[in-house]
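Dropping the structures in below, format is structure tokens.
One chain, chain A, links the two complexes that follow: it is found with chain B in the first and with chain C in the second.
Right after this comes the complex of A and B.
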């Protein structure tokens, strides 16, 4: 109708802004509720079910899906596959925000959040796997912040400091892989202490290995999935190098993820055999387990394989979303669904609306901050003053 | 069965370290040392067959721990009909079992010899004291509730309704009263001696002698002797423990045994990963370097070859040109000589003609001059 097709300079009332605005406002209300009424009001947690989705989703899934940071930087800097270079910065940013939000979410979950530094600085409980998780997440968040900082410093124009930090890249990458190996696996090892509460199909002494291996394809899938979102919404921020290398990144990670997923299915079967848990497969729990393993690991793994063989980017992108959902399913199964399986259904946990809304709020917060940074700082493109190649 | 399987799993945990790090590591706790509890530490023996479900122990517990009064008074025994667990303000509960509802079981913290809560706590808020009780320090607690996840007996409770000062709560075996030389509140209140306080080793002997004396009266098992690595509270029962709400599938591995394998891989990963990763980096870097060198070499060879070929071509060309030039010069010279020769020939002939001409013209001129003179 209006022949004038100018785009307003400062368009504020977009659908994105309205929806995120509502969610963020809701999040503020929930935050106030949480810190004035307590966990009892906001959550459905109880004495039998001390951990809900704030741990199962925000912590376990958050950390697994932020694995793209160590996977991508190791691929590029340690394994020397330079064609993944343009994928490193977005992956590091996602990882940094992911871990930052994990720590934020923990502030909601624990009783006295201002004591969160206690395990590291005041009274370290070194016999606890949670201590290991806490220490590694604290250190890795620091590493990720330093790894991310050159982007911010290029934006701000701190040339000298930026050049010093860039020289640390290899060291930080190695440190990042060590820390990630430790805490990704330790998140699984958290449940080693409760063979009495976790269903035998999910309980295994290989839990730490399962968590570590699955974090690899979780990270790759997130890089692919997030890349396709960025392509749709932030394409104007990408430079030619990024656009040119993107196909290679998608194909490369698609192929690698498929490979690792097949290996993961293999070690899951080994675990099943070693504990001789085959007879559980015919129960309802068994079907649920098979849905997770076949429907959300093997199947997307095959999709990845076909997609990378036929160079079908759409197929790979579908597989990446599917894999991400599979990781969420796996982590929630271990922490919530198959946890306390022995209890009668009346004593089982189901998240409250406010718990889910808080998790949605935290994810939304992550997306908004990512968008803020990616539209301003050299994340999806190289800063003209600092071209690597 | 359960023992060997657990131990097998435990060693598997160590084997994970072996597969990921290449070195077989065994954790101190899991391998060669078994902790049998602090010598001389105290415990309580609960003879379930003697319990009448009067809830006096609950009442005493409530009193000595200054807990809030419950909705229903302690002499209301209808409460027993529901299966209850410990809560933030109830450190101990008595539940009713059996076909006639004639079996009563008291539930509270079992004060493990190697407690899962203490092992799981990342700020050391839980501690097994040498005297026996497992005690909690609220000044350290962050409120992560991993202790509640970790406890196989489902004992610790949490003050979910406290906003800024939530604590984890559980039976303390009345550690403060023990320090004063008093009995735990519940033990003191029990009218039937269904609860006996004493040294754990002694209580074990009493329990076993009771089983021996009345083999028909008791199940031949002292619950807590080995469960989860052993607990300070011990139980005797006339019914299978599973049927009175006490799990028999917990195994005998203590919590630290379950996690030591995973923990032992940590230092190995810290030690070996940097070596491995630097190695991978060095290999990839070297591959790049060699590839570049080979490329340079190839380029160099190619360029040298090309230069030589070019030089040869140029040389050939020059020779050819020189030849052509010489030929051309020779030709030109020859031509020029020939021409010169021709010209000379021609000039000669012209000269002859001219000589002839000049004689005739001289005659003409002479005659002309003569003619003028005549005029």
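Right after this comes the complex of A and C.
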């Protein structure tokens, strides 16, 4: 494990650094444009399509893929599967950064950042699902920050405060699971209000259930995918325990994800049946729906199953990337592609280049911050002074 | 040689794929009946799938 964080001169101008530098610089320009010239300058949003990819990708996908935090901490601390302990800190960090960036991305969409506290403290709309989502994200981001903070405190040397926070672990985990159950499902429930706008194949009264169940295997897949990236690029920051437990984490999460994905396919078929939407399957929309369900849920689910059975880690890692892409496809289908499906194509929403570039900027920002923290703080290794926990 | 589907299977095909349901009673009978059959199938499939996932754990 490498404890020296100084970067040699010849390693400062790497491809990664140059590309991220260009993306971040472009993102700063777009941010200035957005907040000085308004939404219309950088987006293709209008009154028919007020939610674009900043909601569909940055928010819906961000929240779903950050579900690894509650899934991993519940697995370890509530179900007592301590063999997954080494996966908790990276998962919590990913979730914390994911949610923090969701809130950041929301600022680009909503504007007027100084009004962020209004929905929670000034004018709570207690009958609104958006209020519930906002409150849950606010509370869960706080919970994730506290769950992540022991790593920062160990790095900073705040021993006493760190020990107090560690004692709250179980309480925070339970709180995190409750809040995640609420807002993951509520994000799906937001679309219950648009039965006439969302294509019947994606619209269902079970949308909250679909969003919650899919967040579970999205989170697990993200833990596997992010773990494999860390294993490849930050291996020198991993200690013996992390390297040893990694195989078990990949196999265990792969198996669990596979089982949940099969259940998810089952409840999606039940949704088709109960709404009698079979006849739509023979249309173009139906083929697109089947591609999402079979190509990006059933197929990676089978890959996970075979990979877990054969103990083939490469297959499981491929399945995790496939599943992450499937979740992105599902959330974009619901919020953008199958939304306003009946409108003529001239009135349909298509994201502008600047909207896509802003989303790329936000994702890149997350990767850079993750790398900064993981190379300095005890995320992928245990701090030598606190090995007992 | 084309085979002509007749009887209850033809009615099911018309009801489900061609969406020719005229009353709420028909709709509920058809959709709920089919859903219960699917749920039964899932109840049988999931334990078998779990067995498939875990039967090599002792190796």
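Here is the rule we go by: the second predicted complex is superposed on the first by the 377 of 389 C-alpha atoms of A that agree within 3 Å, B and C clash if a C-alpha of one lies under 4 Å from a C-alpha of the other, contacts with A are read in each partner's own complex, and residues count from 1 in each chain.
One rule holds for everything that comes next: a contact is a pair of C-beta atoms (placed from the backbone, for glycine too) under 8 Å apart; a residue touches a chain by one contact, two chains touch by 3 or more.
Just so it is clear, the structure is predicted and the values come from calculations on it, not from any experiment.
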*When the two structures are laid over each other on chain A, which of chain B and chain C touches more residues of chain A?*
B
*Kindly classify A:302 by the partners it touches after superposition: chain B alone (first), chain C alone (second), both, or neither?*
neither
*Please indicate which partner A:274 is in contact with in the superposed arrangement: first for chain B, second for chain C, both, or neither.*
both
*Name the contact category of A:262: first (chain B only), second (chain C only), both, or neither.*
second
*For A:368, decide between first (touching chain B), second (touching chain C), both and neither.*
neither
*Which partner does A:33 contact after superposing on A: first (chain B), second (chain C), both, neither?*
neither
*asked:* A:318 in the overlay: touching chain B, chain C, both, or neither? Say first, second, both or neither.
replied: neither
*Would you sort A:174 into first (chain B), second (chain C), both or neither based on which partner it touches?*
first
*Starting from the residues of chain A touching chain B, keep only those that also touch chain C in the other complex, and list them.*
274-275
*asked:* For the complex, give me every residue of chain B touching chain A.
replied: 6, 9-10, 12-13, 16, 19-20, 85-88, 116, 118-125, 140-146, 148-150, 152, 154, 156-167, 247, 249-251, 255-256, 258-259, 261-263, 265-266, 269-270, 273-274, 277-278, 280-281, 284-285, 287-288
*Okay, in this complex, where on chain A does chain B touch?*
35-41, 43, 45-48, 50-51, 74, 77-80, 109-113, 115-116, 118-119, 122-125, 127-132, 134, 170, 174, 177-178, 181-182, 185-186, 189-190, 192-197, 205-206, 208-209, 274-275
*Once bound in the complex, which stretches of chain C touch chain A?*
16-19, 21, 27, 30-32, 34-35, 38-39, 42, 45-46, 49-50, 52-54, 56
*Residues of chain A touching chain C in their complex?*
255, 258-259, 262-263, 266, 269-270, 273-276, 278-279, 282, 305, 308-309
